[in-house]
Amino acid sequence: MSKVMTMTDAIAAHVHDGDVLVIEGFTHLICFAAAHEIIRQGRRRLTLCRLTPDLVYDQMIAAGCASKLVFSWAGNPGAGSLHAFRRAVECDPPAIEIEEYSHFGMVARLSAGAARIPFWPLRDYQGTDLPAANARIRSVTCPYTGETLATVPALNPDVTIVHAQRADADGNAQVWGLLGTQKEAAFASKRVIVVAEELVDASVIRADPNRTLIPGVIVDAVVVEPWGAHPSFAQGYYDRDNEFYVAWDRIGRDPQSLQQYLDAWVHGIADRAEYVRRQPDLVARLAARPAMSGEVNYGY
Amino acid sequence: MMAVAAARELRDGEVVFVGIGLPNLACLLARATHAPNLVLIYESGAVGARPARLPLSIGDPALVTGSLMVCGMADVFQCFLQSGRIEAGFLGAAQIDRWGNINTTVVGDYARPRVRLPGSGGAPEIAIHARRTLVITRLDRRAFPERVDFITSPGHRDRAGVTRQSSGMPGAGPVRVITDQGILAPNAESGQLELAAVFPGAEIETIRRSVQWPLSLRSPLERVGAPTEVELRTLREVVDPGRVFLK
Amino acid sequence: MSKVMTMTDAIAAHVHDGDVLVIEGFTHLICFAAAHEIIRQGRRRLTLCRLTPDLVYDQMIAAGCASKLVFSWAGNPGAGSLHAFRRAVECDPPAIEIEEYSHFGMVARLSAGAARIPFWPLRDYQGTDLPAANARIRSVTCPYTGETLATVPALNPDVTIVHAQRADADGNAQVWGLLGTQKEAAFASKRVIVVAEELVDASVIRADPNRTLIPGVIVDAVVVEPWGAHPSFAQGYYDRDNEFYVAWDRIGRDPQSLQQYLDAWVHGIADRAEYVRRQPDLVARLAARPAMSGEVNYGY
Amino acid sequence: MMAVAAARELRDGEVVFVGIGLPNLACLLARATHAPNLVLIYESGAVGARPARLPLSIGDPALVTGSLMVCGMADVFQCFLQSGRIEAGFLGAAQIDRWGNINTTVVGDYARPRVRLPGSGGAPEIAIHARRTLVITRLDRRAFPERVDFITSPGHRDRAGVTRQSSGMPGAGPVRVITDQGILAPNAESGQLELAAVFPGAEIETIRRSVQWPLSLRSPLERVGAPTEVELRTLREVVDPGRVFLK
């Protein structure tokens, strides 16, 4: 039975006020299309979790969707600050709550979530002020060596949104290039929305099963959304829009220009298709050139 | 000069955990000159990357195309970094103290920040696990305080004076702090940063005034040679022809 | 610098008497070629670790290489018993020591080894007699929930042998089909030997970097050995020799016929090339038919 | 008949952890009849397998070709099984006691085995984590002892009488023990296995004599219908035309 639906329906059905939400992707395959629809539908009091909040959460914070941010590196990758985030935490009292780890800590939280165990052990945080700033960073004694290891608690989001290059109608999703923590976040999550650049027949998935990162059995909805990750990128489909990331430093710095951006590019349009239509230069600027993988044989 | 000095710290065949900006320039320069077999690993999961353009972000698609391996981030942190496979890692610093403790989290109080910085990223685990780390940061009195506002990444001793070995950290920590005027390095006995090398044209007294603790001088003090013709040409024509990061 | 060498040289250089050894592969890509060379070189007092000892360790036990076996399922998959193993543990006193887990326990031991942490937590073993039989199965208290979780200790072999479909001269190895615990075992190990069906140029590896399971930076030696996994299989190269697995039940049952097998097919031949030459029907019986993966685009 | 009875226990759309032999026949039969959307997962890492031939081993290449996903075994055990994604799992048994505790490890003493069996495999974690497990084993007095020689996989109560819920096991445990003469199932209150269903032609007294504990009869006792024409034809012509596992 097909799980394919529109982004509007998927967000309405699966993202609720107060949810713990992960929009996945480490620089690669960040689903801005989903974030914009969440903003349009006016979701509130979300706990937003990502290693790098990136522009995607900066926009959601600016739009008033978030009450809390769980993260490990809050900058504009390669281009400066996340100004909406900074305004929210530098004001007194802060406008949002934060819970902060390192990248390894966030990865470990999602790994524990995916494996459904309550904590994950790691060698980290000695000599740092992080455990003092975050009481959820604790420790455990090894039952073999007696050593003390750091621990982080499992992160089990209410809903995770994963952007994939391609998926079938049941949600079996294939991803190549940077994998981030997409697999862990999806398995850790109560509900999973897969957003794909391309809907493909199951036979395409079955031809290369090692390429499948997310199995359909854990997926609740499939949304087909070409260019859905712009201004981030989709390897083999389109390049990262570095110009936009640089421009965001200027847009985000001024609350008014940020609001104008949201009015024009989020509230002012119906969906991602319109977003793409209104930027006719995207293909010429960013469409990927071929660099093919070659084939392997799965026969016996 | 900072990129050149950092590049010279890398040895051929090493496995290096790379950041974007100057560290990336340094690695690409090293690979184009004395270290052709350097293996570059990015925290985004690209191993043995050979970017055809200068990556603007740590997750640039150019790091993926033509790399030797792309793995998930759980593998990056567990199988490469925590397992001790990384020989050198780069760190930046908003503040660094005499023990090499680094702050990239916050200026002011954590709960009431004056300036909120990006935070940890992978820096604490690089500082703990890489066999040695190279810190790159401009010399500036505010950036070299007596005491950092927040320890994001550990140096040679913590606030209580406990050494990194006693805390069970596997890596050697920040063995070089490469600034725009010279290189600081830990004293072999105390672990306190001292001035180890001076760049051409830099004044020792200016350097000392740019650091808030009483900076010792290593003896003999190394005088670093200016960038060679080859280094400059490689940087400008091969590594960053578009002058994205080079001034 | 190329790491390519002969199997003889790789085993001589990297497998020593008394080593803790893993020959990896879960039914798929089990490197019998390496096991036979270890037998020929007369290694002794090895601690052999695998989830499924399979015929490969049954032969090594029969040949006297092993003093200890660490495992989770000691049968002939789909065909019965491992008789050399059974004789070794059913005699009084036992001829080899055993240390026994479940599959999950063995996977977790290798995961801990790969991550270089001393233990791995899992929900397992409640109500079973395994912890009583193996004192290395212990427990830990979760610092968040107070729950008790089982633990297993890290396994860090001296040497792991991984069979791959293809590798470059530096040991960057690509594997598809069943992946077993090859990645974990290789990262957990002090030394790694990659045995490949095919040596390929680095450009083949670089065309599809997500397919790389083992990076060259952790590899010590590369051996090129077509049909090196027979009678197990290599997806896309040759099928599992089910006839031989069935025949092993008869061969292994009688110590004398087992010795005749070792004399004829291990001691009596020089290397895998001769092993293949003397079975001219292998290609006709087992060579894989094509079932191609299709290509993906890594461009930007 | 065992394969048919097991197939009937599976519901359409379920995610099933499959073993080789009878469990595999049962799953393929169920999928060819009433449960076309059954998702088969093998511990070797093949998810959504559609084997074009009857696999002889759990790691047959035919399980890979054309499957929906192939992942490493760490993912199988952590992300699928431990995370509670498996709805039904199959187990075999050399011995099984009144509480459904299963022995596949050893006959006799562990340190001085009379018969050394293969051991655990993935059975303990299937028994603990699958939402329910189906045990398939022939009825035989030695296989149904008062007390098993070794508990490889836990049933409804341990040797001390503690229930699986109190031990924190997420799954419901062995809800059906499918033999060649009938089906045993746990009493809803005590968890003790009782005779729940009888196959055509089987005698209740024979069944009782084949079990070393006093076997209760469920009331009403279910009389299982013989394999239908469709089931038999599917088994013989579609699932196992080469009669590899069918006698």
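Which chain is which? They are A, B, C and D, in the order written, and residues in each are numbered from 1.
Convention: a residue touches a chain if its C-beta (ideal position, glycine included) is under 8 Å from a C-beta of that chain, and two chains touch if they have at least 3 such contacts.
The shown structure was predicted, so the numbers you read here are calculated from the model rather than taken from an experiment.
**Student:** Moving step by step between touching chains, how few steps can get you from chain A to chain C?
**Tutor:** Contact-graph shortest path, chain A to chain C, evaluates to 1.
**Student:** Determine the shortest chain-contact distance, in steps, between chain B and chain C.
**Tutor:** 1
**Student:** Could you let me know which interface, A-B or A-D, is made of more C-beta pairs in contact?
**Tutor:** Answer to which pair has more contacts is A-B.
**Student:** Just the number, please: Cα centre separation of chain A and chain D in whole Å.
**Tutor:** Using C-alpha averages as centres, the distance is 40 Å.
**Student:** I'd like to verify one number: the distance from the centre of chain C to the centre of chain D, where each centre is the average of its C-alpha atoms, in whole angstrom.
**Tutor:** Roughly 28 Å, centre to centre.
**Student:** I'd like the Å distance between the centres of chain B and chain D, where a centre is the mean of that chain's Cα atoms.
**Tutor:** 56
**Student:** Chain B: which residues touch two or more other chains?
**Tutor:** If we look for residues of chain B contacting two or more partner chains, we find 46, 61, 64-66, 70-71, 78, 82.
**Student:** What residues in chain C touch two or more of the other chains?
**Tutor:** In chain C, residues 116-117, 122-123, 147, 176-177, 179, 183, 207, 210, 233, 235, 239-240, 288, 291, 298-300 touch at least two other chains, as defined above.
**Student:** Which of the chains touch, listed as pairs?
**Tutor:** Listed in label order, the chain pairs in contact are A-B, A-C, A-D, B-C, C-D.
**Student:** Taking the touch rule as given, give the residues of chain A at its contact with chain C in the complex, in rising order.
**Tutor:** 116-119, 121-123, 136, 138-145, 147, 149, 151, 153, 165, 174, 176-177, 179, 204, 207-208, 210-211, 233, 235-240, 288-300
**Student:** Show me the residue ranges of chain A that touch chain D in the complex, using the header's touch definition.
**Tutor:** Going by the criterion above, the answer is residues 1, 114-117, 172, 183, 187, 202, 205-207, 209-210, 212, 215-218, 298-300.
**Student:** Given the complex with chain A, which residues does chain D contribute to the contact?
**Tutor:** These residues of chain D touch chain A: 15, 37, 39, 46-48, 50, 61-62, 64-71, 75, 78-79, 82-85.
**Student:** If we count contacts the way the header does, which residues on chain C are in touch with chain D in the complex?
**Tutor:** For chain C paired with chain D, touching residues are 26-28, 51-52, 71-75, 77-79, 81, 85-86, 89-90, 92, 100-105, 107-108, 111, 122-130, 133, 147-148, 176-184, 233, 235, 239-240, 242, 245, 288, 291.
**Student:** Name, in rising order, each residue of chain D that touches chain C in their complex.
**Tutor:** It comes out as residues 20-21, 43-46, 56-61, 64-66, 70-74, 77-78, 81-82, 101, 105, 110, 112-116, 118-125, 128-129, 150-155, 158, 162, 164, 167-170.
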